[in-house]
Structures are given as structure tokens and as C-alpha cells.
């Protein structure tokens, strides 16, 4: 049996924090599927295609990583792609309280799927996609927070 | 003097967590008034009538429980129904920080009304109405989170 | 059936925070038993007799309050005195995490006993018996933190 | 070199909590610039002019305080007004987690600007502009939470 | 390369919480080494041999699990046994803050070793070895908190 | 009037975290007095003279910094040295809860003394004197956590 993990998110946009979690978890799984939420009700700042494109650029050469679109419940997506793990990063205790809720609910919905957590590295503790968006919206340069290969366009 | 408690919420929808808190608190009060918020500015997912109906179904035979509509400040509603206690459940420390703020503000607004807290039982720690709604919106089955007598319709 | 609550602690010494919780909870119970821990392994700063004496002074005229010595598990003491509730105050989210653990363990040990929480009033949030002891040990005056009728002796 | 601090916020409306932090920090700085956010995307409850007016009324006679409009990144505003410090109040650990994120991001964006925190006094721990707005929206009187000189109009 | 995880602790005594974390993590690693701290400065309640014996009883038939004595830094033990992962369970946000500190320090001491976290199942959130010891010390029965095969002797 | 801050601690030993807070706060005060606790009841790991010596080495050339021995209540020491501020660093929300208690108690004991907080830089979030001691006790090298000029002797 292969260990397949889903790393779900909206990646709006992908950050160095995401990148760090995924690369450090690679050793642990046979495959990591980056599941990019495409949810009509939760409008993203960057278009879906752009968010997918950046992830492809970043991880395209990594054979154990796959980038996929998803909608609906994460546990349903896991079943559909035969994943038995969900991968998440933890930055703060606020994060933890939120992730524990999600993790416990997922366990009730499907007891076979386990959520695995890694710690964000300290220098990315403050970093999130919403921080990057706030900086852009307020006319700042979020360059230190996104992977080098990502071109946020006129917005970077 | 009778001890009357108000258990305020939007119950959108009522969960097993709500039910557990109310049933366990029954011994403590002469009457518990479940106050169902009907707030035009905060749009609920389920219509007000449905939310009331489910609570009536669940607690209709319990003589010490009354289900009432309310709007405005909780302390004003308490005064109107002669309640001297507000009843709340605590799940997480995020909950606690939120409830402490509300409880302290209520105490400034009306010093005679005391907020009483019970702990959520561990298996319902992750459970909230918003979790139930998220599951429904994403096409899942929230059946394990709502009381058996509740029929969420095509949505369950 | 009467509602009897146990308020357990070491009261080393009793503080204005303790007093506030007990007085505000009086309306809720037919009797509150203040259970003063006498634990040979956990050495108290003030002798047991003194801690009992201060509580007697403070609440002696209150017919619904009883001051009792206890050791062993709190749930066993509750059974021995026919109490169906444990009363506790909550100050901070650190408090909450600690109390949730105790409350859930007690519920596993005896499912019939419910823990009831009240919020500490804001001006006593920082107040605890250990704060009072630290002030005394360092030569300060803890007078603002203990009830007026308490005479900490040369130490106050 | 002078020590200039920016105290940023939306002050929607100014509260006794804000007032307490600013007055207690006065000794520490040569000048405190109250920076009132005017952000078209984040609609305020009270109009910008009113929020400015209340702050002018409250601090108009204080020579070390200046009230200014701002938009964009806080660190950019700091640079524009030669401020080397950002001043913030801390109420709860939820506050702390939020402020730490902002503070660390600001430090990445401009390493020369330091964020300085003061504790909210206990009786204002539960107090925030959003609490004041909630009370107003629900028909209550927030008078105890705003400075005496502030006239919330028919809304107070 | 094989994925070997160290699960360090004092297991004083092993609880159902420990057991749950280890069994659920088995799928993720080629080997899990349960590292039982034997630290002369931190006196354990149960003798080292007993703590080892209970773990052997519990996991003796599981080929992927090894029970080992350790002292010194966890990262040094990891190097000695060729482990590239440390496995830990998370119950509460207090846990998280503590574990994040340890995890980040370990990463500074040896950047190649990654800490992996699983969530404790909700019904064991309140459970820890120190809770079990407290129950025993106070004359209670901790049977619901320890694995069935564990015989705490006259103490259970 | 001069702004004098006391930075109290046991500095057992001084860490890069301490150093960072003190250097970043220098601009804010006319003088910072590093108050090294010498408390017979709380036995330190390193002797008092050594802890003082390291601080002298580290800050000896800095005219605005003074290193002093203290015992008793921090507010009493502040009065004795004419300090009107206490300086503290904040790393985690557990830190915050602890510091808020101390800060509020100090404010009750002497209302004129204000506690000022700075954020620890992210890479030192996990760092504390007790972490350094744990590493030493377990035979590790804490060199990355203490200032370069500090010679922990055979212990480093």
C-alpha cells in the first residue's frame, strides 16, 4: 500500500511557508497531491488558473508531487484519489485550534484518514497567503514571502 | 426567586453539542429559555421557522424548557423574561476568549446577570453549527453531528 | 433533590477572587461546600488550620456555605457529601485548558458530577493565591488581593 | 533623534481602551501620531470625519499627539512621518497572536521599525470598537465604553 | 532510505493516548522506536523496568516497533539509531506551544530531523501520564485511561 | 524626567533572545537597568557572579545599560532605582498570559510603573534560558543560543 497525502488549500497565492512544508514532508510519502480549492462561493483573489500555474512552476519537476483541482469535502477528495493522509502545517496556537477542529471532524467523516502536521519554520510563522494579499492590496512588495520563481506580475 | 437561564444562539442548525449542554444544565435551573436569534443583518443558512421547529421537536416534551425568538442585546432579553443567568458551553480556548469578552461586556451592561459555563463533552469539541453547514454545503452527510430527530431534508 | 456544589481548592490563602466566585454562585445552589485540600505531599504555605479559620471568618454567617477539609479525589469527596456539582472560576485561557482537563477526567471518573464555571471579574484576572504568596515572600503588601476580614498577621 | 510612534487603527469609534493606551504611552515618546485608517474596501460604521473629530476632541489639547489620516501599509506611513515605533495595546492571547503576526511582518518589510506593546488595563479587557458597535446596533447604551467627551449622537 | 521515527517520553505509565498515537502512526514509518527516558534527575513514579515492561507487553508482537532506553538529547538519540523523524501527539494548545518550542530547538540542533505531529483523539484529550498518577496517588482507579493489558498492580 | 527601564530576570544564562530585546529597546529609554535576580529560594544553575559577569561582558561598553543585583518585588526595586518602566520580551501566547498576570499585579502594587513589551524575533521564539540549561544538562552544545562573547566553560 502506498502512502498518499493530500495537501489542501486555496494557495492564493502559494507562499514560502507552503513550499517549506511540502518539501520537508516529501520524504514521508510516496506521493503528495496539492489540492487547489476551486470554490465558487469563496472568491479567491488570484484566478484559479494562475494559482495552479504557480504551483506547477514550483513543483513541476518533482515526480512525487501532483497538483490537482478540488472542490467539496476534503475527505471525499482523499477517497477519490486514494489518499490516506492529509498534510497540514502549524504556525500558531490559533492555527492549532482551527486545525484540530478540522482534523477531528474529518476523522468522524472518515475514520481511515489521518491528518499529519509539520511545524512551520520560525521565520515563516507570521506568513500566510492573506498576509501576502494584504501587502499587495496596500501597495507593498511581498517578494520576501513568495517563492522566487513566482511572478506576481505588476502586483509584485 | 426562581433561577431562569437564557441559552442564546442562532441554532443554525441545532447540534448534538447544544443538546448536550442544555440537558446537562437542566438540573441547575427552574427554567431554561432557548433564545433563537432572528437578526436581519446576520443572515442564517436555515430559515428562522425551521430552526425554531427543530428545537421544538427536540425539547417540546421537556416542561422546564421554552423556545423563544429574540433580537437585540441578550441582557435586554434576559430582563424581559426575568432571567438571571445566561448559559453557555465551552469547547476550546478560542471559545473561552470569545465568551469571556461577551460575558464581561454583559456584566458591565447589567451587573445582576451571571453567565454560567459548562464544558462540551470531548467527542463534541470539534462540533459547531458552522461545521454542520460546511459539511452540507460541500455535499457531505452531517448526520453524526445533529440530534436524531432532526431532519435536515434533502440536505441531510 | 438538592443542588449541592463543591468548591475545591487549597485556599493558601483565600483571595478576593475566590470570594467573588463563591458569593456570585450562591444563588445557583442549595449549598456550597468549600473543600479545603489537606494534602501531606503538596505542602501549603499557610497551615491548614489558618486556611480553614480565614474561610470560617469570611463565610461563617452564610447559612448555605459549609467549610470542610478534604483529601483524595474530588469526585470521591463529592460522592461522600452528596454533591452533584463542582464549582470553579475561570480567569485566563491557560486556566481554561487546565480546568477542561480536570473537568473531563472527573466526568470519566463519575459521569453524574457536572463542573460549573463562572468568570472571574476582570479586576481579579491576575489574582491567585500564588500571586499573594509571592508578594508576601518578597516583602510586599498583598492587602488589595485578600478579603478585608483576613489578617495575614505580621505578613500583611 | 526623536522617538515618534504611530498608533494605527480605524477608531470606529475610539474607546476608553484606546484612550488608556495612548495616555499611558505618552511619557515614552516625543510624539504619538494617531493614524486613522481610511480604507475604501473596509467600510467603517462611523464616517471618517466623525472618527477624526472624536479623536481631535479627545486629544486636541495634548501637544505631543497628532491625529492623521492614513491608508496603505502601516510601515509606509511610518516612513512618511519619520516614525520609528508602532504602538499597540494587548488585551487577550488572541490579540497577541494577531499582533505578533502583524509585528513580525512589519519587521520583515522594514527592519528599522519596532512595535511596542502596552497591556490593556483589566477593566477594559473585554472592550473593543466592535463591541461598542454591536451594542449600538442592538439598541443598547455603550456609554461606559467610550470616553465621556464623545457624543455618539442619537446612537448613544 | 528507511523512515525511522523516535517516539520519546517517560511513559510513567503508558496511556491509551500514547497507544493511539503510536498505532495510528505505524503506517507512516518503516520503524517506530519508543524511546523511554531514564533520567536520574527527573525521578519517575514507576520504576524504569516496569515502564519498559508495560511497553513490551503492549507492542511486543508488533514487528515495526522497538522499545529502547534513552538519556541525553533526543536529537543525539535519533542520530545514534538512524532516525530521521520524531513523532509526537498534540492534545491542547498548551501542548502545541510546548511542542513547538521543543521541535524548533531540535531543528536548530540538527536540521535533518523533522518532528511529525498527530492529533490525540478527542476522548483522550484530557488524558496524560500525570493525570493517571494523580488518580493513583489519590486512591482512585485509572483503569479507563491505561491499555487493558497493563496491570498497575495493587495500584490499579 | 528621564525614562528608566528595568529589565528583570535571572539570566541563567543570558541568551541571544535577551540580548536582542535589550538592544532593540535601547532607543526608547535613557537608561536600561538589567536587574539580575539573586534569590536564595530559587536556586540558579549558574552562580550569581558568573551570570553578572556575562552581562557585564556583553553590555559593558554600552553607556545606557547598567547591570544590577536585585531581590524582592520588582516594583520595589524600580522605586529604589527611580525606574518608571519595566521592559519584557514576548515570545508565545503562554508567555503573554504569564506576563499579563505579572504586569497587572505590578500595576496594582504601584500604578506609576508601566510594563513595556517587545516581540522576540521569530528565530529566537523557541529560545529561553531553561532551553539552554536543558541542552547543557543533556550534553549538547547550546552555542547557537547564547551570545558569542559568552564562554560557558567546559559546558559549552
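Labels A, B, C, D, E and F are assigned to the chains in the order they are written; within every chain, residues are numbered from 1.
As a convention for this text, a residue touches a chain if its C-beta (ideal position, glycine included) is under 8 Å from a C-beta of that chain, and two chains touch if they have at least 3 such contacts.
Please read these numbers as outputs of a predicted model, since none were measured by experiment.
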Chain labels contacting subunit B and also subunit D: A, C
Subunit D and subunit A - chains in contact with each: B, F
Of all other chains, the one whose Cα centre sits farthest from subunit D: E
Identity of the chain that, by mean CA position, is farthest from subunit B: F
Geometric centre distance via CA averages, subunit B-subunit A, whole Å: 34
Rounded Å distance between subunit B and subunit C, as computed from the means of their C-alpha atoms: 29
Whole-Å gap between the CA centroids of subunit A and subunit C: 47
Per-residue multi-chain contacts in subunit A, two or more chains: 92-94, 97, 100, 103-104, 122, 125-126
Contact pairs between chains, per stated definition: A-B, A-D, A-E, A-F, B-C, B-D, B-E, C-D, C-E, C-F, D-F, E-F
Residues of subunit B touching subunit D in the complex: 41, 71-73, 75-76, 93-94, 97-98, 100-105, 108-109
Subunit E - residues contacting subunit A, complex: 1, 3, 24-25, 27-28, 84-85, 90, 93, 96-97, 100, 103-104, 107, 114-119, 121-122
Residue ranges of subunit F in contact with subunit A within the complex: 92-93, 122-123, 125-126
For the subunit D and subunit B complex, residues of the former touching the latter: 92-94, 125-128, 131, 135, 137-141, 144-145
